[in-house]
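In the two complexes that follow, chain A is the common piece, with chain B as its partner first and chain C second.
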Partner chain A sequence: MLARLARSVPALCRAVHTPPTSTTAALELIRSQPSHYIIANFVGTKYILTPRDVLTVPRLRDVKVGDVLTLDEIHELGSREYTLRGNPTISPSRVRVQATVVEHTKGKMEFIFKKKRRKGYQKTISHKQPYTRLRIGEIEIPIEPSS
Partner chain B sequence: MPQPPTVSVSTTPPHVEPEPLTHYKITLRRSAISLGDKIKGTLVALGLHRRMQTVYHRHTPEAAGKILRVKELVEVHNVPASKVMTAQDQRMDRKAPRGYKVVGSRMNAFMGVGEFKN
Partner chain C sequence: MAAILRGKLRSFPANGHAAFLPQIRKLVFECCDRWASSQNARTFLFTRLVSLARDNPHVEIVIRQRIHREPIVRGFYVNNRDKVIPLNGLSLAEINQKVHLLLDSSGAQIKPLKRRTVESTTQSTRGIWSGLHADRPVL
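And now, the complex of A and B:
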């Protein structure tokens, strides 16, 4: 009896892991799980983002503190066991993620020391790289695809 | 009794004139280091200053002659006038999309006071 069970396990696994036929079915599977992540393209770079993350990016000059941004280019949406990959992006009607600009900061002070030996030339440049920090909001997967 | 002539109508799309290919798209693939001032001068005359740079020139005997001088270093395609891009156009083409859109502001809503302006 144990041997019969052992023989049916691969078939059971195959039944659980048949891929869903439609995007709605795939999103249902993902929505059924408690936590999600997205891979979004933000100003040319891809980041793996989850809700309540703080994303630090090079300073965005066209954005003010407190502004709310929608992430337009989402390449992948997933949960612990399921992933939906876009072609190349997932339509914004299927997934909605917002991010709030938290601050415009600068990094820690860096000292760049330049010297040419035996020529009497040396200088120290102090530099702070400007950054913008964003707080990622909830990943919304609406039941009916919104416009 | 003679049969009426059968006319078969096939729907073919109307023939669109392909755009005339009027420009050379020249890309520098190999460097001219140690090839001498004359070849370097030809590349500068074509407007090519670094490898993988692309320039567009109208089909003229002068442009053709310059290309023939540096033909081993350069890749050339014939393109129509609509595909010609200036350096700025090429730069904008390479730029990645922002990936975000400003939707509103939370400055009026803080610690549960005020409302989120959309």
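And now, the complex of A and C:
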């Protein structure tokens, strides 16, 4: 009987937590937790991002080092126990995340070796892929949505 | 209670997170006054250097003489590393390109970036699943 009671305690706890009725209530729940993550679309690819991490993407030619970009296509915002999923994206007035362009670099030198045997044809192509690295800023969840 | 190790009580740099500090601090151009290999570098210094300096006020720009040698440009960075690029055999546009390569770089050593999409030091937000702390599965 005690074992049955112990098994039903987690279910009772879950029943106490009613699902939030509005987006504001959901964001309140998420904001109450210490750490957050977002799933954002950046230059056609989705990434799971947290504050302070460095995102490396193929070279963006129209940004300069030091520019601050706002991520406007955020599909999901989550914390340890709660997740808010957009339809398909969350409105930028609800969540604000910025990324700073830290540098434009190139990767390590890659050597592409081509050969056709018995034909006297071989060549080596050396190539360095250019990248842009961005640092993700804080995930801001404003208390009142800005109009 | 776990002991608080003094080595753990340090902050880790995250340039660009709250504030951004440009990583390049000095550009040194070294070229010869007479030799033809420095001709394009000299033209660059006479025509484009002033506007470059105005557009990048955070960079200290120095011109040095390097007689009877090939022209070079040296970039000094905040992480105490420097990058040197020879400028002989390059046209004006190519010299411009190399200078901007130095300005855009952070001074870090070139490393393979193909697979390093997101480099994160944040701990897992949703926590790591543990079989010993999960509900027993019920069929």
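To be clear about the criterion, the second predicted complex is superposed on the first by the 134 of 147 C-alpha atoms of A that agree within 3 Å, B and C clash if a C-alpha of one lies under 4 Å from a C-alpha of the other, contacts with A are read in each partner's own complex, and residues count from 1 in each chain.
The rule is simple: contacts are C-beta pairs under 8 Å (C-beta built on N, C-alpha and C of every residue); 3 or more make two chains touch, one makes a residue touch a chain.
Not measured: the values here are computed from a predicted model.
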Which superposed partner A:L71 touches (first chain B, second chain C, both, neither): first
Partner chain(s) touched by A:L55 [first = chain B, second = chain C, both, neither]: second
Of chain B and chain C, the chain that contacts the larger number of chain A residues: C
Touching partner for A:G137 - first (chain B), second (chain C), both, neither: second
Which superposed partner A:E103 touches (first chain B, second chain C, both, neither): second
Partner chain(s) touched by A:S35 [first = chain B, second = chain C, both, neither]: second
Contacts of A:V43 with chain B and chain C, given as first, second, both or neither: first
First (chain B), second (chain C), both or neither touched by A:V63: first
On chain A, the residue positions that both chain B and chain C contact, one per complex: 65-66, 68, 100
List of chain C residues in touch with chain A within their complex: 14-18, 20, 22-23, 103-106, 108, 110-114, 116-123, 125-127, 135
Chain B residues within the chain A interface of the complex: 96-107, 116
Of all residues in chain A, those that touch chain C in their complex: 10, 35-37, 47-57, 65-66, 68, 78-80, 100-109, 128-129, 131, 133-138
Chain B-touching residues of chain A, taken from the complex the two chains share: 40-44, 62-73, 98-100
